[in-house]
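Quick notes on the structure that follows.
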Amino acid sequence: MSGGVRVVRWTRLSAAFAVGTGGLLIALAFVPYAFGPGTTEKLTELFVLIILAAMWNALAGYGGLVSVGQQAFIGIGAYAVIVLTDHGLNGYLAVALAALFAGLVSLPTSLLVFRLRGGQFAIGMWVVAEVFRLLVTNDSGLGGGTGRSLSALNVYAPADRQAYTYWVALAAMALLIIAGFVLLRSRLGASLQAIRDDERAAQSLGVPVMRAKRILFAFAAVGCGAAGAITMVNTLSVTPDSIFGVQWTAYMIFMVLLGGLGTFEGPVLGALVLFGIQQEFSDSASWYLVGLGAVAIAVTLVLPRGLWGALVDRFGIRLVPVGYTLRGLLAHTAGQPEPERPVPHMTTT
Amino acid sequence: MSLLEVSDLDVRHGLLQAVRGVSFELDEGETLALVGANGAGKSTLLSAIAGAHRPNGGTIRLDGRPITNLPAHRRVGIGIALVPEGRRLFQSLTVEENLLVAGRPGYWTLERVLEAFPLLPPRRGHRAATLSGGERQATAIARALMSNPRLLLLDEVSLGLAPAAIEDVYRSLARVTDAGTTVLLVEQDLTRALGFARRVMCMLEGRIVLEGDPAALAREQITEAYFGLARTGAPSR
Amino acid sequence: MTWVNAVIEGILLGGLYALFACGLSLMFGVMRIINLAHGDLALLGTFMIMVVSQHLGLSPFAALVIVLPGAAAVGYALQMGILQRGMRGGELAPLLATFGLSVVIGNLLLEIFSADTHSLSAGALTTASWQISSQLSIPALGVLIFAVAVLVLGGLQLFLSRTSLGRAMRATADDPGTAELVGINSRRVYATASAIAIASAALAGMFFGMRSSFDPTLGPAQLIFAFEAVVIGGLGSLWGTLVGGIILGVAQTVGAQIDPAWSILSGHILFLAVLAFRSGGIFTAREVRV
């Protein structure tokens, strides 16, 4: 029990990683100059997936909120772009506002759905998504069941439009991930961890449980709204069934579970894998969803920490410094307390 | 052959080694009291014998047959019943249902059990959540009895009970031992433990540090063993 | 259709929803698992009955005799194979596993049976009705479904409160660890509950297929209706589920009277309203937990 033990947040590895990522983002910014619109369109899709994975992971992995209805905000983001551009707003500005609007909608929504817990919250969010879908389907001004297409971006030449869309997507992804990182490192992150471990105890310690959850929920809504808005701008047309469909949740769950729930790096890994799969198997929609579902089941049961989580457990690598590290004792990353089990519960030690 | 034989048992509780190399035997019909400070490993030992906690090393035998890895619900079938710490009644079930759910054929039928615990008959149709502490303990012991065990394990008999309730419980327990059931109980109240049991075992930090007939042991011996005062130097971490 | 007709239709529809919901409710009550694949499993039952009745030339009711034990077996295997493992992983794991299952089943059905609509023939029952007046007629199939729902719910209630297996199930729901200590094999109890739940889902699926045309994408919608019925009626009460189903059914049919496009939406909005104003639902859990 000597002195000389330091608690640090950044390790050499994570600092190197941060610098490397910064460089990568800068390099990515130059892609439209080097590659054609086909590539930038695909990469935009990838960025959307990364955003969605990060958002779902923030909700479920850090906040313990499993939502099977985030497509509600994805759809809101997309349709908000349509409404805003219908009123003459610039398409890209509309993307930013649409994302914020989705965040706004999440506030009254949370008042309702936070009355539910666990699996009930999950389905409750699904109901909310269905409500939005039906409201939009019944609204002929929004195109009803057949949807709408976006013409506001026709002011730009197609190649330019694709590039602008790409840059907006890149910027959104970078912003959201950094914001998420800051949020989870902050007091909010610690509050969420406490809430996840034992909500009542956290509450009795003065942790503002509802507020913390609401902030996280709003943040995820903004992210999902941004993803929906960018998708709208990238594909230029949308139907309520496609943008409010539960397959978005299937993608998010797959990405996060495979990558590693509760890790920061995992969702990005999961998004890359899903993107790769989508490029390979884009034709047979149903079979590939069957595959996704089966993998999700398998990963939940066999590899609960996902690919990245398994790596962390094995090698102790943390690229993104959301936690704390003890220096000077044994190099042991803090976190992962042994779950307490009251006797005589069944344990298999 | 003894009824229960525990050899060199090691049980971990999370990262903590709760039971270290414990060995003892219990003959049919004996009553053994397990005493020791909090955290000494008594509850974990009982859990391991009942099958609620898998040991990391050593063996447990009943009638010579190894049961170390037998699941808990199967151990009830061969005659081991545990009254867990905190009683753990089924809250939404009535007293009678709590008893019926554990029932196995044998001497102890519902009526006989209700007779042995006079606190219970007036409450038999009431939900377990509405019972007082003494009634809960009575129900918990009665429930364990309903499975007609050969070996009855009781974890923390008098904890949280008023003195009058403790009297009732021990009166009923006397009937249980009279009927020939082997009893191994954990008891915080040293006087009670020594008064009730023919044999006492003291645990400290997972090990058995004293064992014997309460009548033959001096009070100081037990107290020293309880607190670990007899050892020289600081206790190892 | 008049308003009275709509209300009656809604009440009878509530019977179907209650039938869907009781399996969901049972699994939640005993195992604390929300089975997100419940609707898809019911639909799987519907398709299996269709296949069996087509290949063996049987009526759907006769096919049910074959499919029901199969559904029970699926439920048993589901618990033993997937959910039991999931339960050890905390609260999230069963949710995610059942969602994955929902995606798998729904899309497999889509691949095998394509997106075409089908229906199960109930023979004369499909159109039979009692004509009370020129404006009011009560469909026989609807009454049958409602009656079956009441029987199933009542039977389940009796099973849980009077039989020893039902007692063991309630005990295990309260405290699985202690249940083991009194000799209950908790895994088998859970698997039995799951078997009952999935069998009831298949039964609901059969009636669903008789009542309206179906296609492989309808699983999630039934899950949502079942869930809404449970929440509106109050978690933890079987009879509450019937009441919740009825209220939901009436909301949908009356909403349809106002505007056909609003039928399902009305149900959702009612659900959200119940959530907002009485999060305990109409009946909150008191006595019999499930």
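For clarity, chains are labelled A, B and C in written order, and residue numbers in each chain start from 1.
Following the convention adopted for this analysis, a residue touches a chain if its C-beta (ideal position, glycine included) is under 8 Å from a C-beta of that chain, and two chains touch if they have at least 3 such contacts.
Everything numeric here is computed off the predicted structure, so don't read it as measured data.
Averaging Cα atoms per chain gives one point for each, and the point farthest from that of chain C is the centre of B. Highest inter-chain contact count (C-beta pairs) belongs to A-C. Separating the centre of chain A from that of chain B, both taken as means of CA atoms, is a distance of 51 Å.
In this assembly, the C-alpha centroid of chain A lies 32 Å from the C-alpha centroid of chain C. Centroids of chain B and chain C (each the mean of its C-alpha atoms) stand 44 Å apart. For chain A, residues that reach two or more other chains under the stated contact definition are 344-346. With touch defined as above, residues shared between interfaces to two or more other chains in chain B number as follows: 50, 52, 72, 82, 84, 88. With touch defined as above, residues shared between interfaces to two or more other chains in chain C number as follows: 177-178, 180-181. Looking at the complex, you find that chain A touches chain C at residues 60, 64, 66, 68, 111-113, 115-116, 118-120, 122-124, 126-128, 130-131, 134-135, 137-138, 246, 249-250, 253, 257, 261, 286-287, 289-290, 292-297, 300-301, 304, 344-346. Chain C contributes residues 164, 167-168, 170-171, 173-175, 177-186, 287-289 to its touches with chain B in the complex.
Listed in rising order, the residues of chain C touching chain A in the complex are 28, 32-34, 36, 82, 85-86, 89, 91-97, 99-104, 107-108, 110-111, 176-178, 180-181, 220, 223-224, 227-228, 231, 235, 261-262, 264-265, 268-269, 271-272, 275-276, 279.
Looking at the complex, you find that chain B touches chain C at residues 50-52, 71-73, 76-77, 81-82, 84, 88-93, 97-98, 100-102, 104, 143-144, 147.
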